[in-house]
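Order of writing sets the chain letters: A, B and C. Residues in each chain are counted from 1.
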């Protein structure tokens, strides 16, 4: 490979790694929000009160059927008109978190649906408050089998972070583009970014698979 | 609001076209990669795995940028229009996910079908094309519909390589008129409608292909 | 353990005719398990052979090996005087058959399966014309006419456009028979074709087989649990046990006067079940 300028690649590595911190921040920060928000959305969706479940369902379906890019534009460009000013990074994390909260909501829904009916009835019979019911009885059972699915969404979120470059977030892809437009060499930066994502996503996917295997061997 | 619509619809039309051609490429790559994945020939299998892992493991935007920025330069020197980049990038990306779907679908076809074809002395090629693939495609429709909608949503990224799709037009209009809420709201609505159209279309396709067969069953 | 050689006059079969199917010393193993054990069998043209025996004794494997659905480890299978599993090599000796050679010889054999295996995305007519058109290169009109005849013969002339999911088990099996016959095989294999059917549907399938037997000079090999049918229909009955033919003879001989102990215990167990 004599057309790949290794010297150049080595020289831009620090910049790329710097920007990758942003990528990781967005990924893990967004994920943390998404898994909490998703749980609430899932519970709302399953609510028997129609005025809670319908809007929740509508929101989830709408966000899942529309592009992340437009949603992020919406948050970044619409909110300032109404007084809420978010930085690019804030809008980005919020946007990606909200988007994926709707996916994790469906995962939670499957997990909650899988909890045997008898457990829900026991909770009622024991007159537990909703909070302690969920915390002590329902969630521990619902969450274990769905952890791998949630893990897969972590990987998906990582791969979606470059979308935020559209609202000027300097994550690793944007940094590569900047380097490219300055130096007119795109091959090295973009290939390196590709490699970054490949290694990270394969690594995370491997962790998820190991988690899956551990789920198999130890039934509660 | 009325002046927004024509330009957005123009963008939506580009989105529809890219979705259409991209999904054709995706189906073809999915079937070929699935066959490669199932092949007893080692090198073919590894090639398929490499394709699937690389295109699934890296971000779509990275792939689009690579095709758009890197390919025209030495040593590749392949110049592709943004339109072509969009279709190839989207098609190959979703095709990699589709390969896993197709692989599962092909494997779900009953072993007895293979035995019947052997008893009727069919060649492996005819057997795949006439008997196995039709059944696999039908089985692939439910997960395939989700992938198709993913493809639709992913077309928005081609606006970042300056293709005038719906997302590009929306951004353009926003910078011109600052009617941000209406524009992006309308754009979101249009994507939503297109996604539902895909859902509906695929469901009708499934019904047509499954004519006479037991619903929800794979023989 | 070899079966006693078939006495030429036993079933009224012409004594010196060339067997249309011949298994010579065929052995097949699955790991430690020997499923076919130095099996020897000769079937004359036009003969109707029923193969009975306990489950898991390898009866189906015999048919499947003939249909090349399974490979054999030792021995040779010949069809119509041509080796199936082997082919003449360059120096005249027999070598393992290539796929192409197998396809040529395999065309003489047809098979009907326990689970029918109809193509679910095609209706009855399409199922029957598929192979003649795709494999034999027949034109569609010719194949359709022949298919109509065959489906008529099995009693499904009114159901040509029906899909398998719209047919009963017995009807599906009859379509499967028509489909196999459309390829004009010389040898028809029936692998427990009524075992997956409700009892009341067995009759219609057995009737079709009976008609086939009386109206055509087809060689038929049947693995079956239907003792009554075997008794009345077959020219020869083979009792299969532990990978080879333990005992064989005409229905009268085998059912009426079984010589071997294992045969006797099997038959009495079967009788008790009724």
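Things to note:
Following the convention adopted for this analysis, contacts are C-beta pairs under 8 Å (C-beta built on N, C-alpha and C of every residue); 3 or more make two chains touch, one makes a residue touch a chain.
Keep in mind that what you see is a predicted model, and the values were worked out from it rather than measured.
Setting chain B aside while every other chain stays in place, the touching chains sort into these groups: A | C.
Chains joined by the most contact pairs: A-B. Chain centres here are C-alpha means, and the one lying farthest from chain B is C.
The most central chain, judged by C-alpha centres against the centre of all protein C-alpha atoms, is B. Taking the mean of the C-alpha atoms as each chain's centre, chain B and chain C sit 46 Å apart. Between the CA-based centres of chain A and chain C the separation comes to 59 Å, rounded to the whole angstrom. The mean-CA centres of chain A and chain B are about 22 angstrom from one another, to the nearest whole unit. On the side of chain B, the complex with chain A involves touching residues 53-54, 56-63, 65-66, 69-70, 73-75, 149, 153-157, 159-160, 167, 170-171, 174, 178, 180-181, 184-185, 187-188, 191-192, 195-196. Per the touch definition, chain B reaches chain C in the complex via residues 110, 112-113, 115-116, 118-123, 126, 130-131, 134-135, 138, 209, 211-214, 217, 219.
Of all the residues in chain C, the ones that touch chain B in their complex are 67-69, 103, 106-107, 109-111, 113, 115-121, 123, 130-131, 134-135, 162-166, 176, 179-180, 183. Those residues of chain A lying in contact with chain B across their complex are 3, 62, 65-71, 73-74, 77-78, 81, 159-163, 165-166, 173, 176-177, 180, 186-187, 190-191, 193-194, 197-198, 201-202, 205.
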